[in-house]
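What follows is a set of structures to go through.
Paired with subunit B in one complex and with subunit C in the other, subunit A is shared by the two complexes that follow.
And now, the complex of A and B:
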């Protein structure tokens, strides 16, 4: 039936111009671009996939919606600032992601499992590893893709704010500095959240579990940490507040940026970590990112083929 | 194509491969073994994904221990299990896999269209894979293994889960991979019968050791068995017995077809060429019996596989004509 024979070109009957020629098997002599190219391809495919591009319409809805939700408040703030001729934006660049953390968490929870759980669930992973790429390439591409997707999600509204601020003729140097600090902060946030999200998602082939687990880890830790911080602050032991902040991803970012990126802390009492404590925050953030990478590597060493 | 030299793979509790030395040339080669015989382990090692405990192996002249990535660029792999995401179309999926093999975007699309056509997927290739039949999914799996035009392709149990028709089509396709596409094939199966029809060469492993490696013609031609059934006549009320005695008298050993349907009425003898057929014809004519059937009963490779020792003895016996 469907198995056709490819024994060379069939001879067209005279005047039969529309005949489909069976041209047989053609071998491929073109370039083979190797590992680095395959890694880049996987990166771009995963990044596009994080916004539903190249996937079904249904899978575009949530990421696109979340991106819009992230940007709309920024647009409104800018509109207000321009209209009222305010001399400052209503929210700092560094503060924006902290305020919108629920949306970011939702995005990580929905897209991290999408990125890795599907390959595990449908056992596509062995197909990748039967090609030139290695475990490290796969992990790097997936990690970088989700971090980039998160960066787009978090830096997008900052860009809206920045452009708006310039339109409102706010101080250029001031705004540029704030924007740059904001970008560094969300870059770190993107790496950290991508790492945590992927590690959790890579341990379950079930997307639903992955989504639930990521949301749980991100929100429960934040809830617990901010509650404890509030209690510590109310009981007058405000020295403990920065240390408690080390136990949830978003407060880690908060701590890093209030110590080094000129942000005002969202911690109770508004006291961020001191510089010494800030070092602990930075080391922890980088450590967690490295640990995520390490765990992913270990995980994929096991599931390969 | 493939050469291994006392290749061993030991896991903490089990030895998957035990000093396996085998050479595989171009063509279609069957790798036969029961579940757990070490087939998949061998493929993993040959793809350079799992280091051997000892010994060495080369694929396309490249050492698996050091040139894994180069090997994987020139080799295709079709896994045994499902490996297809249901929510993308065959075209999208195979294009992606082609790029993972290093093909530039345009070439990836062209090769995908070609390859899907060659494996027999047409309009349906634009639909999500989730709606495909098992046979179509197997074709997609095969297409992703061939899309980068490898020199050698590993097919792990490609006929698994297919109905008889789908099985035949898949086997025909495998044959064409070599004859038409010029790609050598290493195909594993635990169903031995299908490999004798498809492969030029069969390698049998059991418990991680090499049981036998030889061409399929060796396996089957030298051991072609004729099954003969004759009628009874008034002169020879037990035609089967008369036939057996007559053949014995001419020095041909005959076995009862015990275990076969109609046992007791079927005689098995080993054909050693045209003469045997002539002999049987003459004997039947002399006795005046009716020939109900005379058919080739090819030995299944499974007999070699399950009773290798007995097989060796039988081969000797065949050599003596007794």
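And now, the complex of A and C:
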């Protein structure tokens, strides 16, 4: 208020000096793109961010490296199959993700906190919610983005295998069926892993801690479950093996695909769940995905606001 | 060389609030699994060795080592609050050494102690299995803490690199390429454990002398280099 110089002796009555200046602000009258557009933008920005696109070079290294590590074994297998004129691929489409689970877990662990923890730490969440988007939009966009990124990571090598199998002149119908089954299985895996990763990551603003927590949940449960299964199998109580498999994300996927998607199980003894037990697996997988969505919604109902 | 105030702050950073609960969940899971296995399989030395070797030493110790080792210094560097610590008249190597002691202590408490308990639950220390794996966990704790503390000062992505080393290098390459096992903290620790147990349940691919030399060398070098890194630390902005 630079005008308030005390120039004279008499103080003028308040109200004489107050006036409203029109300094030329104009209201926006262009098109409003709305919620759906904001949600789509958040989705594409998060998806690109999961592979480091639009971020610094340093943050591109790890996701790209993991993607290459996922695809290289598939390329080698294809090359071997073409060169030796084999009549089948060395690894089933459905088995590939199970074999490479360490890489997938590392990817989820590194990218899930990247996606949500930094928003919490730098308190940008309230800024998102000052836009037209609502909690459900934010959660959906982040969930869908990480699931899509995971799907790219897991379906990429399957595509390599499929194209290679066709080049090696393997049976078209047979390969297409296997490829489709593999895609369904990795889609389920992507949703499940993305949900688990995001729920854990959204509870800590510390990126490092989020990474360790996600990897601990994914690998320790797998280690525990496979150890218990091996012991149960060795003790002759094979009936317990499928039920133990319900306690770790990757064995849930394994169970679902060996019950319904024609995969051979990686469980000890090679006995997957029967159809009835498979229903429990599917229900649990879908339940976990729904639960992680619900937990994320609950978490973002109050965070930062 | 040991500064109690820095140690107290580091303990708080590692175990404060709910973090101790999360760190404690892993050992509890191990003990719970041991109880289940004991009921399922009874006391069996081979089972005990498999479980302690596969789950405790190969998975739990590295993960707790990563959390404690990088967590002792990483977050401070990450959010820039390490400048307040560095601006105090304390030698940088002293800071590193103190943080290392804390990281080792935390890793030992949360990995070696549960290993011992799990071992006794599994087979009551038959053939010295529990003690051997506890010694391995203790030795590995020191080396892991030093390595991951160094990673924490070198890289902002220390946790990821630590996990890549622990899970991909040691577990995946170690099982595929025999040569990779020579360069694995886990195998060095197993060599020491083999000496303790004396039986053929605990085996390592590395000789005891090599293992001891490498363990001491890696721990000392990592600590020294971490001190050097901290002396010339530049604070980068958030990417």
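Heads up, the rule we're going with is that the second predicted complex is superposed on the first by the 276 of 305 C-alpha atoms of A that agree within 3 Å, B and C clash if a C-alpha of one lies under 4 Å from a C-alpha of the other, contacts with A are read in each partner's own complex, and residues count from 1 in each chain.
Here is the rule we go by: contacts are C-beta pairs under 8 Å (C-beta built on N, C-alpha and C of every residue); 3 or more make two chains touch, one makes a residue touch a chain.
Everything numeric in this text was worked out from a predicted model, so none of it was measured.
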After lining up the shared chain so the two structures overlap, which partner does A:276 touch, if you call subunit B first and subunit C second: first, second, both or neither? neither
I'd like to know which partner A:173 touches here: subunit B for first, subunit C for second, both or neither. neither
Touch check for A:130: first (subunit B), second (subunit C), both, or neither? first
After the superposition on A, what does A:55 contact: first (subunit B), second (subunit C), both or neither? both
Which partner does A:83 contact after superposing on A: first (subunit B), second (subunit C), both, neither? neither
State whether A:34 touches subunit B only (first), subunit C only (second), both chains, or neither. first
Shared contact residues on subunit A - subunit B and subunit C: 55-56, 59, 122
Touching subunit C in the complex: which residues of subunit A? 55-56, 58-59, 62, 102-103, 105-106, 109-110, 122, 206-209, 211-213, 215-216, 219-220, 223-224, 227-228, 230-232, 234-235, 237, 240
Footprint of subunit A on subunit B - complex, ascending: 44, 47, 49-50, 69-70, 72-73, 75-77, 79, 81-88, 92, 96-97, 99-104, 107, 111, 114, 117-118, 120-122, 144, 148-149, 169, 172-173, 176, 180-182
Of all residues in subunit C, those that touch subunit A in their complex: 19, 22, 26, 29, 33, 36-37, 40-41, 47, 50-51, 54-55, 58-60, 63, 66-67, 70-71, 74-75, 78, 156-160, 163-164, 167-168, 171-172, 238-239
Could you please specify the touching residues of subunit A with respect to subunit B in the complex? 1-4, 6-7, 24-28, 30-35, 37-38, 41-42, 45, 54-56, 59, 118-119, 122-124, 126-134, 304-305
